[in-house]
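Given below, in the form of C-alpha cells, are the structures.
The following pair of complexes shares a single chain, chain A, combined with chain B in the former and chain C in the latter.
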Partner chain A sequence: MTGYQPHPWHLVEPSPWPLVGGSAAFTLTVGLVMWFHYNSISLMILGLVMIVATMIQWWRDVIREATFQGCHTSYVLSGLRRGMVLFIVSEVFFFLAFFWAFFHSSLAPTVELGVTWPPVGVHPLNAFAVPLLNTAVLLSSGVTVTWAHHALMEGKRTEAIQSLAITVMLGLYFTGLQAWEYYEAPFTIADSVYGSTFFVATGFHGLHVIIGSTFLMVCLGRQVFYHYTSSHHFGFEAAAWYWHFVDVVWLFLYVCIYWWGS
Partner chain B sequence: MFYKFNNISGRIGAASQQAAFRPEGILPLTQAEAPPLIFGSPVKPAGEEAVAPRGKPAMVRNKVPEMQQVMQRPGNLLFVKRGGLDAVLYRGTMGLVVVGVAYACFGLFQAMMPKKSED
Partner chain C sequence: MSDPEPGTYKVAEVKTAPFDARFPNTNQARYCWQGYIDFHRCTNIRGEDYEPCQYFKHVYRAMCPKSWSDMWDEQRESGTFAGRV
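For the complex of A and B:
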C-alpha cells in the first residue's frame, strides 16, 4: 500500500484462506458423519483444528491490512459496516426461527403435552433466580462496553482497557452461570418440545455469548497493543454491535422462554 | 480538531473529520519530510510516557510503527510477510489441508461401500 493509489478501494492480495477454510469445513462435516456413524472423533478434531487455524490466520491478515497497511479507507469501512449489519440481520432471523418454534409449540399445546404449557411433568427453572442475575450481568456488560467505546473515542487508553476487561469478565461470568444452570436443570433436551425449544434457543444464545466474548477478548488484546486510535477502531465497534445483539436476544429469551414460558 | 496536509500551501491546516481520514486522492508529496514546526517554547514530543499515567513507563511497547514498516515493505504476499513464523504456520496449515481432505475422501469412500453382514 505504499505510494500513490488513484482510488479509495482495497484490492486484496491473493490469499489461501478461502480454500483452506473450505477444505476445513469439508473435513469437519465428514468428521461429524464419521463420529455419528462410526463413533470415531479423529477426523472431526482435525477439522476443528483446521477451522481454528483458518480463523487465526485469516483475521490476522485482516488486522495487517487494516492496522499495518492502512487499506481500510472510509470507503472500505463503509463496506465493512454494511457487511456487519447484514450479518447481524441474518443472525436475528436465525433466532427468530427458534422463537417461532417456541411460540408454535407453547401457544397451542398439543394433547401429548397435556394441553398445557409448560407440559405436564416438566418443572421449569425459576425465572427470578439465576436467569434474573444473568439478565443483570448482560445488561451491565452492555453498559461497560459503551463505557469502553467512549473511553476509546476520547483517547483514554487505560480506561478503555479496564472497561473492556470488565466487559469480558461479565461475559465469562454469564457463561459460567449458564453452564451451572444447565447442570442443575431438572429437565433435558429430550424432555418434550419444551426441553428441545429451551435448550436449542438458550444453547445457541450461549454459543453466541462465547463467540462475542472471544471477539471482545481479541479487541482487548488489540487495544493493549495500541492497534486502535480514537477515530479508527471498527473492529471494536463491530464487536460492540455484536455484543448488544446478543444482549437483546437474551432479553427476548428471558421474557418469553424463562418468564412467560414458565 | 482535525488536521490535514495541504498540498498547495505545503502546510498542515484545519480540516473536517471526513477530510482528515480520507487519505485517498492525496497526490504524492514532493517533499519527503514535513516542514519544520515552529513553537514558542521547546516542546517534548509525545512518547509512550504520554499515554502511561503519572509518568510510569508503559508496560507494553507500541510496536505498531515497526509493524507498519514491515507490512508495507514490498515483496512477499501478505500471509507470509513476516517471514519465519508465518511460513511455518502456513505450511503447517497446508499440510493439515492435504491430510484432512485426503482422510475425509477416504472416509467417505469407505462409507459408500458398506460390508455385507455375514448372516
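For the complex of A and C:
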C-alpha cells in the first residue's frame, strides 16, 4: 500500500490463510473421523499441524499490518474491540452449556446415581486443597496482568515485561497443578455423569487457560520486541480481556463444581 | 367371603399407590425409587414378616416398571445397588 488513502479503513489484501485454514479445518475433521473409526492418528496430526501453521502465519500477518504498516487506525481498532467482545460473549455461552449440563444432572440426581450428588461411589476432589490454590493463582494472575497494563500505559517497559512474565508463569503454574490434579483424581471421565460434567467443563477451561497463556506469551514477546506503545497495544488488551474471562469462568467452576458439587 | 351368585363376576380389587405429596410431578420415577428403598429398609430393620412393610412393597410394585425392580434386585444381590437400604 502506497500513497494517499482517503479513508480510515483497513482494506485487507489477498491472503492464502482463509483458504489454507479452511483446508486445515477439513483435514482435521476427516482426521478426527479416521481416529475415531480406524484408530489412525496420522491425518489428525496433519490437520493439527496445518491449523497451527495457519494460526501462526495469519496472526504474524496481522501483527505486521498493525505494528509495521499502521493499518490499525482508531476506526479499525473499534471494529477489533467489538469483534473481541462478541467472541468472548460467544465463549460465555459455550461454557453456559456445560454449567447447564452440570446443574441438570446435579440438582435432581437420577435414581441411577442413588439420588445424591456426588453420585454413590464417586469421591470428589477436596475443594479446599489444590483447587483453592488454583483459585488464588488465577486471581493473582488477574492482578499481575492489570499491573502489566498500567506499566505499559505509563511507559514503564521493564516493569511491564516483568509483570507480564509473572502472569504467564502463574498461568503455566495453574496448568501444571490442574494436570497433576487430573492425574491424581480418583474418578475418570467415564465415571458416571459426575465424571463427564466435571472433566468436560474443567477440561475446556484448562484448554482456554492454555490458549490464554499462549496469547499472553505472544504479548510478552511483542513487548520485548518493542511492538507496543503506551497508547497502541490492543493485542495486549485483548489478551487481558480473554485472561479475565478465563479467570471468571474458573471462579464459577470452583464455586459450583468443586465446592458446592462436592 | 361367600361364593358369588351363579352368573355374576367377582372383580378382584386392584389399587394403585395413592398420591404422595413428596412426588407431585408427572414423572413418578422417584416415588417408585423411594418405595423400593423404604420397603427394603423396613424389612431389613423389622424383618420380612413385619406387616406394615408391605405398604411400601405395594407402592413400588405399583409405581415401578418391573424391569427396574428386577434390575435393582440383581444389583442388591451383587452389591452394586446405588441406594442405601
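Going forward, the second predicted complex is superposed on the first by the 260 of 262 C-alpha atoms of A that agree within 3 Å, B and C clash if a C-alpha of one lies under 4 Å from a C-alpha of the other, contacts with A are read in each partner's own complex, and residues count from 1 in each chain.
One rule holds for everything that comes next: a contact is a pair of C-beta atoms (placed from the backbone, for glycine too) under 8 Å apart; a residue touches a chain by one contact, two chains touch by 3 or more.
Values in this document were obtained by computation on a predicted structure and should not be read as measured data.
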{"item": "Superposition on chain A - do chain B and chain C clash or fit", "value": "fit"}
{"item": "Touching partner for A:120 - first (chain B), second (chain C), both, neither", "value": "second"}
{"item": "Touched partner set for A:46, first chain B, second chain C, both or neither", "value": "first"}
{"item": "Inter-chain angle, chain B to chain C through the CA centre of chain A, in degrees rounded to a multiple of 10", "value": "160"}
{"item": "Partner with the higher number of touched chain A residues, chain C or chain B", "value": "B"}
{"item": "Which superposed partner A:61 touches (first chain B, second chain C, both, neither)", "value": "first"}
{"item": "Touched partner set for A:112, first chain B, second chain C, both or neither", "value": "second"}
{"item": "Minimal inter-chain CA distance - chain C and chain B, angstrom", "value": "36"}
{"item": "Of all residues in chain B, those that touch chain A in their complex", "value": "17-18, 21-25, 27-28, 51, 53, 60, 62-64, 67-68, 70-72, 74, 77-79, 81, 89-90, 92-94, 96-97, 99-101, 103-104, 107-108, 111"}
{"item": "Sites on chain C touched by chain A in the complex", "value": "29-30, 32-33, 82-84"}
{"item": "Residues of chain A that touch chain C when the two form their complex", "value": "110-115, 119-121"}
{"item": "Residue ranges of chain A touching chain B (in the complex, touch as defined)", "value": "1-5, 7-8, 13-17, 19-20, 23-24, 26-27, 30-31, 33-34, 37-38, 43, 46-47, 49-50, 53-54, 57, 61, 64-65, 67-70, 73-75, 157-158, 224-227, 231-232"}
